[in-house]
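Presented below are the structures under discussion, each in the form of structure tokens.
Two complexes come next, and they have one chain in common, subunit A, joined by subunit B in the first and subunit C in the second.
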Partner chain A sequence: MMTVGKSVERIRAVVTIHKRDLRLALFGPVLHVVTTSSIVIAIVIIRNYLNYIRSNGIYPMPDLFSFPFRWAIITIGVYLAFSTVVTISRERESGIMELLFYGPVDHIAYVVGKYMAQVTLYLMILALYSVCFLIFSWMAHVQISASFSFMILMSVFTGGYLIAIGIFVSSVSGSVRNATLVFLAIVIVALLLQGVQSWLSNITPESDYYNPVLLLQQVVSWTQIALTWLSPFSYLNHGVNEMLRGNMKAFVGTIALAISFCLIFLASSVLGLKFRGVRQ
Partner chain B sequence: MIKTRNLTKTYPEVEAVKDVTLNVRKGEVYGFLGPNGAGKSTTIAMLLGLEKPTSGDLSLFGYHLDRNYFEIKSAIGVVGERPFFFDEMTAWEFLEFHADLYMVESKIYRIGQLLEHVGLTDYAHMRPSEYSRGMRQKLSFVRALLHSPALLILDEPVSGLDPHGIRQIRELIDEQKKAGTTIFISSHVLSEIERTADRIAIMHRGKLLVEDNLDGLRYTVDQSTRVRIEVTRTPDALSDALSAVPHVKEYRIQGQQIEISLDGIADYRAEVSAAITATGTTIVGMETKKASLEETFMTFTDENVVGISQAGETR
Partner chain C sequence: MRKIIGALLVMGICSVICGATVGMVYAQGSDEKREEFVYGVNAFNGSVYHGTFIPPSVDTLYLLADEISIVSPRTTLLYYWPVTNEYKADWDTLSENVEGVLEITSQGQIIASLQPRDYVIQYPKGITRGDPEIFLGEDARTKYEQWSEELQAYRLAVAAYYEASRIFTTTLDDKIEEGDITSADDVLVSAPVRPAEFVYSSTKVYRGMPVTLSPGNYEIRLRNSDGEVVENSEKKLVVFRRDRVGVGYTAIPEDKWTTPEDTKRPDEIIYVRSNNVLYLEPYFESEYNEQHFVHLETPQAPRFGNVDWLWVKEGKFIPNDLQISHGNMWLRSISFEDYMVRQTPGKALGYEILEWQEGISQGMRARSPDFSAFRLVLNRQSQDIGLHLVGDNDVAVSGSSRTVDVVRDIGSGELWLPALLPVAVGIALVGTRRYTLRTRRAAITETSTVK
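So, the complex of A and B:
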């Protein structure tokens, strides 16, 4: 038997899986449809802002491009995470995962290969969107704020974290249907909690003692705090806000935390895949 | 080449493999037999690292899979029972992907050579989903042979194929056998195993019942050789002459046919022929009947079923 070295063999497996996934995504129509749709919606939002400025003479918000950019980049992040969920669980269901593991592919190589492919796509789209927004700024004669570049930087880690969650969900789920449902449930619960908290905060409890609304507000608030530290979406706001406050240490800390959670989810995906198995 | 010691796999509801100890030697074709649910696929999954054994040891090429994962996997070619392909890739792209994975040198030449060998060159740019079952199985073989593996693991390679497909796959296996590749072949098509395997293991209800070459298995089942002889006439002295031959256990004369059961598996046809011709008759045909693998297999598995059910009743 020829000995090349474990790392070299693993890197080769990662590169091969990465290349294949990248190629399949770029040659498929869905990614292009989602990328185009989200940028078109972002354009519509920017256009509405510009109309507002034209009619009222004032800016609706300090940074015109912040919300549309967030919208576009989060849409793409969620889509890539969702497509990872579907791809991995479909590969297990169809036997492709088993076929890959017949050869020199181990759990780490598989998870890293899949992750790298989605992150590369995300970075490519992020670069494309950044260029698009620079063009919009030039066309609209509206300067892009300093926070925008921090947002681009922070969104790299947000997207990477989102994709890691997608890989984790699919690695431990049994079927495409289950994995899809679990992932959608996570996204919906995160969004619902955000909505429930703002709804509950508007209710004034009649009595301070043993009031269920108070208890509910407290529970949702705790969950919200936990989500602040877990949700990839909140890292985007948190990081940008810290940078705007000039708190470089906190900004770097936010990035480090996002990377740590991302690594925890990837390591859990490897363990989940080992535990769940690669066979149908 | 492959060694397992007390390999066991237990699922919450069933013990799929119990204390299986195998030894596959370098360069041999090893037939792995067993009825459905015998634990063959689970054993193969453990050999490939797809399932973790509950207990026991296994090594391939003398190394443990956990410690030399990539080296071992790079030296194995696997053809599964169900051929899996990437739906969105053509056969050529699929093979290129695997050639990259196995770091095959001169991959274009190697893929072209193998496709031509199995007659799929003209279909290389079609998707495997458009292939017939036989073509898909041949493509699976090409994938498994791309990196010239030292060990081929074949799980039901001719299952579901028509006679023409079976023949083509058989030729591929024969070629690999001649090339000195160690082949571990699991199948329930007994005639295939009988034809190709040097040694055979029989699994039943998760247990390894026996591991031997075909003659050894036959001898375990039946310690006699049966000979069928056709003569021109049957003189009265024939019965006495046959009774006088030392190794004849029993015989039966029906018309011009004589069926003789001889002790052991040694060749006593010369002695029998001499005794018969001495009675003045002429032998016009002689055929030695050995127990087929199917008979041997049935005997092993049936005996085991009886043994297990009797043990259950005793309890």
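So, the complex of A and C:
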């Protein structure tokens, strides 16, 4: 009886945190600025494709909307995860978190509430993007392929995973500054590593004897292999690519992995919050 | 705690650096040549034999499954070439076979012990035109001799042709004066015929171990006559096979003949401009694990982190018709035709593509077609059409389907319109909130004023 009562209380706390965060994000201007910016990024990419088709006459590809859509959702996913990092760290720094924990909020309710709020926002924005891409499709007579729907499905899980990473970073960080720096470093490394690898491979080493360029190339290559197993961005790319190859087993496997890592990071966030404490 | 984490990080970085340097550093300088054991490899890549070598810095050898590839243990001079960041072999100065038995192991068990054999690789229809053939042992020597004889016969025929041409040219005037030549046809009939081009190609007779394995991970090593494993001869061996086969197309827009595009992925969408003419040249292709295939051809390429797939163009073929469908409805079929490209006469740069027969009838020199393809005329009505190659039994060839999507030409300004949707949603939400807050504040102020 005690357990049921506690669970109900926890669910109530989750719903309250969820509603509060959702309201704060939806009624603030920043989310809408980022949403518009990410659609603008997608439009720039689509415009380049259409210009290419106009000038060259032809452009074969698996799906014209796949790449711009991925960039739009990566931008918004990073923003949502980043806003979680800042919100949680700020609540800890300002003492709001401590105050909440004097009430009916516990570690699990806090982490789940925060996570659910961001995921709900993410789903709402995904729906908005889908409408935008339908309009693009209607305007440019570009068909929406079945793979596009699968990509949206995949992005739900990878987006959720990215938000879980954000929650984890903020739950173990001491201050807003630390949490922000760590999270931005993770995102930048994950996104830029591939570019860095190709850039490094273009640098000509002067010899193979203890050469720092060769060393860096090797270290970057190893880091990239490790990141392939951790990064939500590479999960998104891998899952979408396998789905486009018709390998639905790998697609489902990638979703399962994203869910597993998401749960691991959420559980680690709860433990991290307990370990780190709610006080500044 | 911070100190512990810091110490762990420093240890981690140190171990990474040490590991990297130990695994990587090989030479003492960039311009130094040194004698090293290498594996020379003639690896079959699905269409030709690709010659490469495995220096000591590379620990894994990649080969295609169920095909004969040749591994030749050699000693050569290696030097580091910084421009491409790889080791090069100076085969001209030193190239010695290393005698021994090539042992292939799997999970610690020796599954094959291969002795070196003579081999020769030949392309009877030419390197780019037909499948290669590999001959081993006595067959190799016989085939090489046969090729040498045919080459010698060709050289003699060419020499005879030039001699006949010389005599023909010098006696042509006399024949005209004597009245033997009365028309251009008489010249053509009496002119000597040039021997057909000699495309039959062959390597010399080399020595190596023929390796044919099923897919899997193995280890190889060379054991010399003393029973010892030769230094640097222990390598990992990855044997892989194609993941899928399909049909790719080279799509040539009529007005951009020099910049064709390839569509390699089956079920890919070909986005095209309206009122466009496309020529589609089909070819066989296979899909491989990119890491495996790239390292089969370039063993010293850096390893990439991502596991990607690579479609590799194989051979052209003469297909049956190309069927066009819309949804489940077959619309029409297009036949495979030969085409010639003619440079536009005059100062204006350009060219036109003509059917081969049409080109000949318009006075173009008789020659083999520039390309053979399906001609596809596209307009607004061609939206969302499906393309499928038809096999011998009227069934669509697997992996040959594509969708054509005729994209509407829209202005850049028009394209920005959907961006107004999130702006509108944002204004509506933020505006509603501000209005509600203002109304509530006003109500509170009013209430407190009344009190």
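Keep in mind that, in the parts below, the second predicted complex is superposed on the first by the 252 of 280 C-alpha atoms of A that agree within 3 Å, B and C clash if a C-alpha of one lies under 4 Å from a C-alpha of the other, contacts with A are read in each partner's own complex, and residues count from 1 in each chain.
The rule is simple: a residue touches a chain if its C-beta (ideal position, glycine included) is under 8 Å from a C-beta of that chain, and two chains touch if they have at least 3 such contacts.
Just so it is clear, the structure is predicted and the values come from calculations on it, not from any experiment.
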(request) Classify the contacts of A:Val33 with the two partner chains as first (subunit B alone), second (subunit C alone), both, or neither. (result) second
(request) Determine, for the superposed model, which of the two partners subunit B and subunit C contacts more residues of subunit A. (result) C
(message) Per the contact definition in the header, classify A:Gly103: touching subunit B only (first), subunit C only (second), both, or neither.
(response) first
(message) By the touch definition at the top of the document, which applies to A:Ile225: first (subunit B), second (subunit C), both, or neither?
(response) second
(request) Could you pull out which residues of subunit A sit against subunit B in one structure and against subunit C in the other? (result) 27-28
(request) Mind listing the subunit B positions that touch subunit A in their complex? (result) 45, 48-51, 61, 63, 68-76, 78, 80, 82, 84-88, 97-98, 100-103, 150
(request) Would you pull the subunit A residues touching subunit B in the complex into a rising list? (result) 1-4, 6, 9-10, 12-13, 16, 19-20, 24, 27-28, 94-96, 98-106, 277-279
(request) Can you check the complex and tell me which residues of subunit A touch subunit C? (result) 26-29, 31-33, 35-36, 39-40, 43, 46-47, 49-50, 53-54, 56-64, 128, 131-133, 135-136, 139-143, 145, 193-194, 197, 201, 204-210, 214-215, 217-219, 221-228, 234, 237-238, 241, 244-246
(request) Please give the residue numbers of subunit C that touch subunit A in the complex, ascending. (result) 16-17, 20-21, 23-30, 80, 82-83, 85, 244, 251, 253, 255-256, 259, 261-263, 265, 267-273, 276, 278, 287, 302-309, 383-384, 402-403, 405-410, 412, 414-419, 421-423, 425-427, 429-430, 432-433
